[in-house]
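Heads up, the next two complexes both have subunit A, just with different partners, subunit B and then subunit C.
Up next is the complex of A and B:
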């Protein structure tokens, strides 16, 4: 950067004054409420006395002691990991195929695949509920006609259904991340490998895949963190019994009215996600350091 | 350029079917002439779209969503445009921290934001009001408004501004006649993306909405929790149609891939 000290300070003042309204908004309506939520998780609650603003560890002890919460967090994690794997297994090849298409088709299919991202998640999940519905739902009929399964599979109110619907909701993020990485690829390297006698599978495995790996991993991080905190899909497909972190926190807040416990669940989810995301980002950056240089 | 082989094209077809199937099935079922959920094959009817008129809560929720989306996107831009100008052209200490803070609503799970807003607004005494909903939505759509404005402000040629100043324009005239028109595509598409995000948000809004201030996604969600019938498919089909219209517009104005891959983080939910 070739700015002198003088312009730097006047620049800084101008910049700060322009960004000040937004900064105030964020401190007032994001930072303070988050701090209040963390504090709330240490408050006491009783059926009749309501929220008591004291500092106790009751909610945190309950979450770490009661196996119900361990099971619920484990389910949240498992569902998110499997949904992420599905998006990677299918999204990566699709992005590659998409990138090899002719201009007009590429634009059209990119719209078709990424467009759902902007369609209400309630409408999309309703679609899966319709496809899954009952033993003679469309999905089962189709799978049995093709011969992939012999007897109907239960999708509604199961983790299987939840994972499929989540993978569908998150797929655009993976395709987008990989597609962005593919844009940076030099096609000449692929051509060189081909002209030197490499088969197309070898090219994908040895040339393309290593280069787009950072894109795949950053897509996976986005998909994982959004899946682990997803609400609509687990609530509609999972039903009232199959709880994940977000739906449990919702229940504590709006049905049981035990706000401090709900706040503790939400804060734990936030901390776990921040640790996982920051940790894996650091790992990826170290692993692919030479690429970002 | 090498072409995709037959295996790749079959994979691609199945993939596209997987992506559009749940959306198509909603729209298809919405045209059923029956009184129950069914896939109409021979007869189609608009009865469930007409039935919407008899459910004022859906109509009202739709109105709330439109107002909320329009209002919060406009307010978000009022904050985002100066912030984008600051981030794109000045270097100061804490600049990276500031942009991380501004993009944080993308990283913080919406369920956590919903809880934080509910706690905050209840304790300051505006819980359950439309004002609270607007403030919450301004924050949540802010990153989208900021990112697209930032993208076009970064790409702008500043020598035109210098020319305006040297020709005697004052700061405000320069902003109004030179800067604003130059970054307008970013602002317009930022507004549209912000509107869609506000219009679609369920997870955060479900914590804040009360019977008078329910948005359409919240109304739909609560309805689905009780029962799934053709009525909610016709609501969903209408929502899908509106979103598609905005999507195509957005693609024409700015290019969808540019909107969604604009630098500075992920997108969501």
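Up next is the complex of A and C:
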């Protein structure tokens, strides 16, 4: 008995000491900066006096009082939700078709879908800017020459542009999440539905979709949180005029140099995201626990 | 005229042939079993009838009409899959109701038929369970109810009882046979359990390596096996080789010191096969020694060493005294109890 207990505790100690380096790294690069950012958000700042390490609620009161910030956060939320919706609407059929493909084609198209992840999101967003950027955008020029449109499609510095570019950048995450869910399906289940007289649309709607819904939802959570905290795409498409939470925090830090206010924005974004993600995760789990134990 | 007809059907997966030259005519209301070891192509054949696999060769006809061109959704067959293939996101009742919904059966009738189908398979009270929360046997019975409830013209069952315990399986076999008799549903059952095949079917198709070995009634395949494979796959059997001796007047079967009158029309080296329960112990016959005897409740199982090789004998436990281990015995059987096959050239 005592021997086992001794081994147990020494095992635990060994485990702890093995985990220690990773733990230290985690505390060093994640926890400490996070705590410092939270503390920073309570500090004071003035144009001439700089940062003053005191504890005041000035920044937080400003964020909650000034409708400018509310608008910014609301836009962040709206853009992220719509981008998520678009990835779901296009990503689910994409993954389904991909899953239906045979051998070699499947591998090729999977590469085509994941490939963009290898290219910097900045480069991909700049691509959109080149296509639709004002009068000189390639696509705009073409469409105008053909005569389909009279004036260039407004894409840069619009929310629509931001949403489309974000959805495009996030698409691989959705497709991969749905594809993983599809891989787990028993193809005979679809056959069973067919043999019971269901048409192929009914099979997709009544049999396939409900089964991959957890995959779609987890893809949505990933896309939503990445979109809401995205920086590069909103910065390039939205510029300085159309800001979201991440670009706002950046501007406060580096342009206004009001670090405490920037920290408050960043912390609020983090809290909101954590709440939304954890909350929806719990909802999903409750909803599907009956079906997927 | 046959109801369901398979005409030289074959299926290859790339270079591998799963089913070859499969011809079978099933009449209406008949119960046919596909019996064979794992990997012999039973499921593949069934899936071709169901329409989930296209045959590489041959034709499948239902009531004289080509079935291959009909999509699976419009074949109207009831299928129980080997993997059950239940809809995991639906309750047992919703699973069973699905086929009726697709047939636009009214809500009231649907509910009635679903609960009677579930009751039929002994799952009344499980309506609201999800498949993941049911045992393998319960899932199998939901799958059976789901296939039966649409009253299909042909019922295709892929090992529908393999996961049930012995007791429940026997009950379900009787149930299945009764349902099939009452509804007159043409049924094809896939199984690798010879007892199940024999007790349920009108005819058995014995398969091996993608080919049909024999088609016949349970008695035919058991008592007149067409090949060594069939003889060994359906129950235990004793086999030894013998030759036909025509020198001394009446032709006689000879194996070592044992001999018996040869039936007419038999020549050359043959394989003699005798079922163990047809052998009794007597004073003259194939000489041997009992190497072990095992008590199995309603019968005794003897293993004997004879001059033609090892043999097994099964005797009913009828209260008579039985020979001890090590005893010298003679194995005796009636001429009608042995079946003869021309021995293979290689053997």
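Going forward, the second predicted complex is superposed on the first by the 265 of 293 C-alpha atoms of A that agree within 3 Å, B and C clash if a C-alpha of one lies under 4 Å from a C-alpha of the other, contacts with A are read in each partner's own complex, and residues count from 1 in each chain.
Keep in mind that, in the parts below, a contact is a pair of C-beta atoms (placed from the backbone, for glycine too) under 8 Å apart; a residue touches a chain by one contact, two chains touch by 3 or more.
The structure displayed is predicted, hence computed values, not measured ones.
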**Study point:** Partner contacting more residues of subunit A (subunit B vs subunit C)
**Key:** B
Review point. Does subunit B (first) or subunit C (second) touch A:211, or do both, or does neither?
Key: second
Practice item. For A:149, decide between first (touching subunit B), second (touching subunit C), both and neither. Key: neither
Practice item. For A:199, decide between first (touching subunit B), second (touching subunit C), both and neither. Key: second
Review point. Given the touch rule stated above, what does A:117 touch, subunit B (first), subunit C (second), both, or neither?
Key: first
Review point. Now for A:236: first (subunit B), second (subunit C), both, or neither, which partner does it touch?
Key: first
Check your understanding: Touching A:277 in the superposition: subunit B (first), subunit C (second), both, neither?
Key -> first
Review point. In the superposed arrangement, what residues of subunit A touch both subunit B and subunit C?
Key: 194
**Study point:** subunit C residues within the subunit A interface of the complex
**Key:** 50-52, 71-79, 81, 83, 85-89, 98-99, 102-103, 130, 132-133, 146, 150
Check your understanding: Any idea which subunit A residues touch subunit C in the complex?
Key -> 186, 188-189, 191-199, 202, 206-207, 210-211, 290-293
Study note, to complete from the structure: Counting only contacts in the complex, subunit A reaches subunit B at residues 1, 3, 8, 11-12, 14-19, 21-23, 25-26, 29-34, 36-37, 40, 90, 93-94, 97-98, 100-101, 109-131, 133, 138, 165, 168, 171, 173, 176, 179-180, 187, 190, 194, 200, 222, 225-226, 228-232, 235-236, 245-246, 249-250, 253-254, 259, 262-263, 266-267, 269-270, 273-274, 277
**Study point:** subunit B to subunit A touching residues, read off their complex
**Key:** 1-4, 8-9, 11-12, 15-16, 18-26, 29, 37, 39, 78-80, 82-83, 85-87, 89-93, 95, 98, 101-102, 104-105, 107-113, 115-120, 123, 135-136, 138-139, 142, 146, 196, 199-200, 202-203, 206-207, 216-217, 220-221, 224-225, 228, 232-233, 236-237, 239-240, 243-244, 246-247, 251, 256-257, 260-261, 266-269
